[in-house]
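A single structure is presented below for examination.
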Amino acid sequence: MDLNSLRSPLAFLQSRLPEIPHRDILKSEEAWWKNEGVAISDAIDRAGTPWLRMFDRLGKRVDEILYPLEYQTILKRGYRAGVVWRALEEKSLIPTYLLMYAISYYDPGICCPYTVSLGTAVPLAKYGSAELQARFLPQLLRKDDSLWQGATWMTEIKGGSDLGAAVETIARPAGDRWLLTGEKYFTSNAGAELAVVAARPEGIAPGVRGLTLFLVPRYREDGALNYFVRRLKDKIATRSVPTGEVELKESEGYLLGSAESGIYLILEVLNLSRVANSVVSVAVAQRAMADALSYAQQRAAFGKPILNHPLLRHQFETRLNALRSAFALAWESVQLLNDVWMERAPYSDRYHLFRLVAHLAKYWTAEFAVDTAKWAMEVHGGLGVLAEYGVERWQREAMILAIWEGTSHRQILDGLEVMERKRAHELLFRRLAEIAPSKELQEMESEVEQHLKLPTEERETLAELLFRRLAIFTAETLARKSK
Amino acid sequence: MDLNSLRSPLAFLQSRLPEIPHRDILKSEEAWWKNEGVAISDAIDRAGTPWLRMFDRLGKRVDEILYPLEYQTILKRGYRAGVVWRALEEKSLIPTYLLMYAISYYDPGICCPYTVSLGTAVPLAKYGSAELQARFLPQLLRKDDSLWQGATWMTEIKGGSDLGAAVETIARPAGDRWLLTGEKYFTSNAGAELAVVAARPEGIAPGVRGLTLFLVPRYREDGALNYFVRRLKDKIATRSVPTGEVELKESEGYLLGSAESGIYLILEVLNLSRVANSVVSVAVAQRAMADALSYAQQRAAFGKPILNHPLLRHQFETRLNALRSAFALAWESVQLLNDVWMERAPYSDRYHLFRLVAHLAKYWTAEFAVDTAKWAMEVHGGLGVLAEYGVERWQREAMILAIWEGTSHRQILDGLEVMERKRAHELLFRRLAEIAPSKELQEMESEVEQHLKLPTEERETLAELLFRRLAIFTAETLARKSK
Amino acid sequence: MDLNSLRSPLAFLQSRLPEIPHRDILKSEEAWWKNEGVAISDAIDRAGTPWLRMFDRLGKRVDEILYPLEYQTILKRGYRAGVVWRALEEKSLIPTYLLMYAISYYDPGICCPYTVSLGTAVPLAKYGSAELQARFLPQLLRKDDSLWQGATWMTEIKGGSDLGAAVETIARPAGDRWLLTGEKYFTSNAGAELAVVAARPEGIAPGVRGLTLFLVPRYREDGALNYFVRRLKDKIATRSVPTGEVELKESEGYLLGSAESGIYLILEVLNLSRVANSVVSVAVAQRAMADALSYAQQRAAFGKPILNHPLLRHQFETRLNALRSAFALAWESVQLLNDVWMERAPYSDRYHLFRLVAHLAKYWTAEFAVDTAKWAMEVHGGLGVLAEYGVERWQREAMILAIWEGTSHRQILDGLEVMERKRAHELLFRRLAEIAPSKELQEMESEVEQHLKLPTEERETLAELLFRRLAIFTAETLARKSK
Amino acid sequence: MDLNSLRSPLAFLQSRLPEIPHRDILKSEEAWWKNEGVAISDAIDRAGTPWLRMFDRLGKRVDEILYPLEYQTILKRGYRAGVVWRALEEKSLIPTYLLMYAISYYDPGICCPYTVSLGTAVPLAKYGSAELQARFLPQLLRKDDSLWQGATWMTEIKGGSDLGAAVETIARPAGDRWLLTGEKYFTSNAGAELAVVAARPEGIAPGVRGLTLFLVPRYREDGALNYFVRRLKDKIATRSVPTGEVELKESEGYLLGSAESGIYLILEVLNLSRVANSVVSVAVAQRAMADALSYAQQRAAFGKPILNHPLLRHQFETRLNALRSAFALAWESVQLLNDVWMERAPYSDRYHLFRLVAHLAKYWTAEFAVDTAKWAMEVHGGLGVLAEYGVERWQREAMILAIWEGTSHRQILDGLEVMERKRAHELLFRRLAEIAPSKELQEMESEVEQHLKLPTEERETLAELLFRRLAIFTAETLARKSK
């Protein structure tokens, strides 16, 4: 089995996909990362985490986020290459997720700002009034370094799963805009020029139906700060990205869609980031394997490179297969999303199929990334736990991927729901029928059907094992096709 | 199922073991840790890693290891409680490993110095000349804070698995002592007053048979430094413990045992630390679960504590069962070691049985600890990846446990060898026969036998799955008994 | 000249003062610091700065300040020894400032919490209603570790000099208490159980006359947080002390004195801390000299210890004289304050004399400390700029002393004012007449009188040189007496 | 008085010098620094200090110095602009020191590598054999980023002042080269491709006359490491520059000049760096003043910007005069060095005049920089001691300048010697005669002559005051001319 495709994200993509749009761009990005980006990313992970200058010397609140300049170098590169603007200009998410795969092999954290910027541009393009679009969209799609970044701020201090209960930010109408007051507790890309923010219009009934999405710029029309960064968080990974807490104090906001449809908009934003999370997870796993490979080829024990020891070689080979399966699952979610990302509620069957696949992919790719990162550390022996050699970083990065955009619990339960309520598994099995051996497929179908007949509580209690098996089955089946 | 035993290491031990020697001591240690130790340990993990002052102001080489004083408070406590001296005074390892379990629930790193101090005292007591014992043993067994610490330094820069090839440190005889010259690359407890060091007497043939164990004090007889700490390493965990690199430059050493028997002594030292690693792994897993439990009971979503959601509750329950199994396996290795630790080569069958169980336990408990720590982070949601709340620490600690004292590869291959060459699996199955359902036992036996008949390379290639199944089978069987 | 008195704060005090109350306590404190405290203080300066946990795991705002436990060990020691309670129980500030001298030789930062705790207890004892005293004073004067700490928060973001303009915190009456809303920008000892806070009762005219002093507990009567710590600051020194920013949001406060008298109370609090600043400055200078001395005695160049080189020896001797002068000036401010600290407006002449001496002392001792710390670094040569050897710390600590409680500009201008308006220089010259040679005294008097006749702007323009000369003249004259 | 020249190094240079060679280059460098360099330099000072990777993953000693890539950006810029190559190509040091002034206004640390690279190229060009020059000089003078850096390593652990006693590194002849063995304790620019190293040929008598200078490349001819970096130091400033300790182990070295003349070569290297130190000191002082100015103009108290308060304005004005004087003194040392840098022993009178002026300039400019940095912190009030606002950095940088290249003690004593032995003061007074008022000049001359007649010990004891007065007198006199 050829392990060499592990060494380059583009080589791996080429081994998996029949065609790669904008292949030349991926190639030049990869070359740049090898020569310069890797050293920058290492240095930032080690000591370059951003910090917050809350006041200037004169006591004016400025909430300036200070980064190493090099972070800007990395960051702006991806934007210029089109990680956001291509999606809207080319009306396809494929170039975006290809770029994310290639970039996150070198720096997974950087895809967080890209994802939330995309998650700002898309609902604006889809649901914003013509006036709002004219006012804000061009900045998000600029092709030079004057571009604006986006951000998607939903979670409050009571948690991110049960948004209906947790979102307490209130929006009051004020002429052509709204004034938002509340606190957001996990705000990725704090300091972004434009954010989409979940809030609750004053007087609307509690619960998930009252959620509404607003566009909130960093600065008010009069030039003053429109939101306040209370602090940045000390995360174990994605250390270049400023994740913080934001205070909204009568902050100017602009309605996206209508007040009643907010939850749909929020979930559509989440679609974009869950798929991104899956793509990045696979890239992190590939990177960890590549580091392990280069080490195992050079490090000798008992008279030969450790790669040539049968147990370790076997692990490399089975894990490469698993990587291919994980990629096939993630990429299926990309392709399905690319079909449905412009849909609005009520949604098509294809949208429900996408949702199921996206849950399976988010869940399984992250599990695989964490496990692979652990294994890569072990391949390095004692060096694996030293900060000096950087391999431990992939485990930290993978753990963030396992938790953000919903932990495994969330994916399992939401995946279960879309099977119960939309029969999405039937759509999935239909999709897999052309590839999977029929006996295996029937067994899997029957297992799912049995499970769905269980009493409610038991159905949830035992859901993990079923979901895991379904994810692996789907991944392996899809991988079979792509070969 | 009663999850409350998770909250206290003593409570858990009591639920698993028929009797606990020195229960009062464990109880008072636990009380101290709750009140004071936890805060100290947190602070040290965050910012209190030791550093090396190589020269004093006047340019004299001193290699002073600087710690927060609080680390000394923690450290000395365990020594006073008897983590080392009881083993030799009471001629039993049980009190030692009970103390290690209780302490490492609060600070797993601290058990590293305890283990290597034990690993210094035991070979000295077992193989040191009467004169050597009189000269050095009392200091290691002191019951007050003037006690000396030990250290066990084998690994050199070429690696820790293939010691026969990697150890290049040379020892030259010089009257009643030897002079050692070489470099040790992973020296836990750098700065210890006394170390056992693997070296190769000058002129002896290469390979594992030439390895010899020496006792090397920190200071020469004339008061000068006897070894040099080149630097301390930046590890992801056990951050209170100074792990470094040591240079031996004609360092005074004293022979332990005889030159030909060195590899046996080294492996006997490793026995002590592998068993410690297993015990500590289980304690770390318990601690991570306890943190997850306290959070899940208090954190609400969808109108109730998340612990009451069926999927999460089910995970707690199955994981508690797995914790009990892992403990049963670890404790079996403790008890077997307690039977054989004074044996010398040639060894008894019981010793070989111990070796197999120790490999199974080292392997499986570490796997379990890593997985449990990951899960505990997920239970905390977004908080799980913040340095602020400390739960991410258990994953770092667990990863060190998975790698130190031999990664899974090492355990699997060495376990395979003791089955092939000593038929240790037969001893194991005899041991389990009284507990395991006979059908399951037969299947397991047959699977092992089949595997051992495979051609050499295939036997190694496919060993992981077999070893994993055997570990779980053994653990679950033993747990059955202890209930 | 005997340089040995430099080595111990008590030895130096004994060489300067005819009697030392509670000498035994100072002696035992000094012994403890030598044996344990120094190592703790070094470790905290290096890596033990406190941090803020704003929310607990469940999202409840807690504003917990996390320190190394060792900091508590140091901190509580001084309180138990009586740095606060003795002042009120023994009705004398002498024991307090003696303790501060002895302690700040080892850790100058720790005297910051002591000073602000004193600055809380004194106005409460002096101006608090009987009910308020009964409710809060005992906690501040406890002799065990359950004691409460105080804090004195005046400065807001617009600055600390022009309080009349800068204080924008508003107090609204609410029954038996007031509700305070505003932000404090430099809050030493953030997290204190009780603070005195400058605010402006709603509706009162702007300017310094509207300032009012309130007592603000950490927790409201209902147990909720009463003030909020927005963040801690990253200072170059006093790194163990949490200095932060505090938000008051309808915080419960209790009036001290009357609304019209606030500025007097504030200045009386400042008296306590300016004198403390002077005492600590001299101690820091002594410490830096002691470190330089021990180095210079041991380090050799050109065949002899560098201390024996004439230029360096001469510097030690002249600097020891200057240290004695600086101490004499600082101690004069202590003794004068001890006479007047219970006065209320309108004040006696002695109070005005105190004010002038306190400005001279604050100014000159800090200048001397900074210069001495720089010189001590130079004595260490290249080692002086390494973090490894700690001597650079004294410069950082001294710089804080030069800036806190008013920079030199403030001392000079306020000193000028008390001469212009209260003729305080005449009182000073009367005091010095018995010691100073009459010719020198007359010249100094004449110089001051000439200066005070200058046009206003020129008087201020040229004030620095005059003030410097007057400080040195006063210090040297007082030192003459104390020999 | 026009304070605006403080805001730009080029503006200040233009106000002081009749003509500026390569003015356009200085202008474009300044523009780049304002736009990009300042942010890079701040980030590196805060968190970008280099670190040492001693071994690669495979255990090969590599001694790789890891920096933020941005540091390379800054560093290479100055080399390309000609800070080294112009000196040798244009046969003038003026462009070099102008560039250093302009650059060190923004980042004083970066001039350390420039200075030591110059200090490598110059002795090679002056004393290296034709073969040695052909082999190594072109690399040091490259105009692109492939350039080699130099380093000048003299100091050993016994100290930097008394090199005759402290240098214990031994050189043994080995064919066309020498093998050096020893340890260097303060090695600026550790990791440089080429270093000049002081050593003592084996068998040569002790003392300063046996010192010899060698050229030592980073890699041996066979490609192996030729010297070893034991560790990097944790300095308070110049934090971007790797200063470390170097071990020479039979390192290949090439003789510069002859064995007997080593001390002359060493002192000639020191000439270059002392003058650099003076130039950089003035630039740091200007920068600190510029930061204070921008703050004082914007910060208000008592109803107006604090700059408009008479005392502060007066301080700005007198300090600007002092800055001009300090610059005049530093620049005199530049011009004199430019006349004599190609001289060899025995030296001309002009060389001795240079030496006296260089000692005065090194001493006085550093004193001024430290004092000015302190004052700038005070102007910022409480903000001055916060890491957040960066002004405290200039004090750290200035302290390094006061200590490196010889502390004030060294300058004073060496200055005294050149007056005693070479009557350099007479040359100085002759130089100043055309500018200074004759009465002041006569008084100064007489004071010096009196001093030189004192008994030896007293002459040294009292030298500081004399030297200080002479430095200020010289500086102010020279400044008079330049207006």
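For clarity, chains are labelled A, B, C and D in written order, and residue numbers in each chain start from 1.
Everything that follows uses one rule, which is that contacts are C-beta pairs under 8 Å (C-beta built on N, C-alpha and C of every residue); 3 or more make two chains touch, one makes a residue touch a chain.
Computed from a predicted model, the values in this text were never measured in an experiment.
S.K.: Could you work out which pair in C-D, A-C or B-C copies the interface of A-B, where over half of the contact pairs coincide by residue number?
M.R.: When the residue numbers line up for over half the pairs, the pair is C-D.
S.K.: Where are there more C-beta contacts: B-D or A-D?
M.R.: Answer to which pair has more contacts is A-D.
S.K.: List the centre-to-centre spacing of chain A and chain D in whole Å, with centres computed as mean CA coordinates.
M.R.: From the centre of chain A to the centre of chain D is 51 Å.
S.K.: Go ahead and note the Å separation of the Cα centroids belonging to chain C and chain D.
M.R.: One centre to the other, that is 38 Å.
S.K.: So which bits of chain A are touching at least two other chains?
M.R.: Only 158-159, 185, 299, 388 qualify.
S.K.: Taking the touch definition from the header, please name the shape of the chain graph: line, ring, star, complete or other.
M.R.: Shape of the chain contacts: complete, all pairs touching.
S.K.: Taking the complex as given, what residues does chain D use to touch chain A?
M.R.: 36, 39-40, 42-43, 47-48, 53, 57-58, 66-70, 295, 298-299, 380, 383, 388-389
S.K.: Going by the contact rule at the top, pick out the chain D residues touching chain C in the complex.
M.R.: 155, 158-162, 165, 185-186, 233-237, 299-303, 309-315, 370, 374, 377-378, 381-382, 384-388, 392, 395, 399-400, 402-404, 407-409, 412-413, 457-458, 460-464
S.K.: Contact residues on chain C for chain A in the complex?
M.R.: 54-55, 59, 157-159, 185, 230-231
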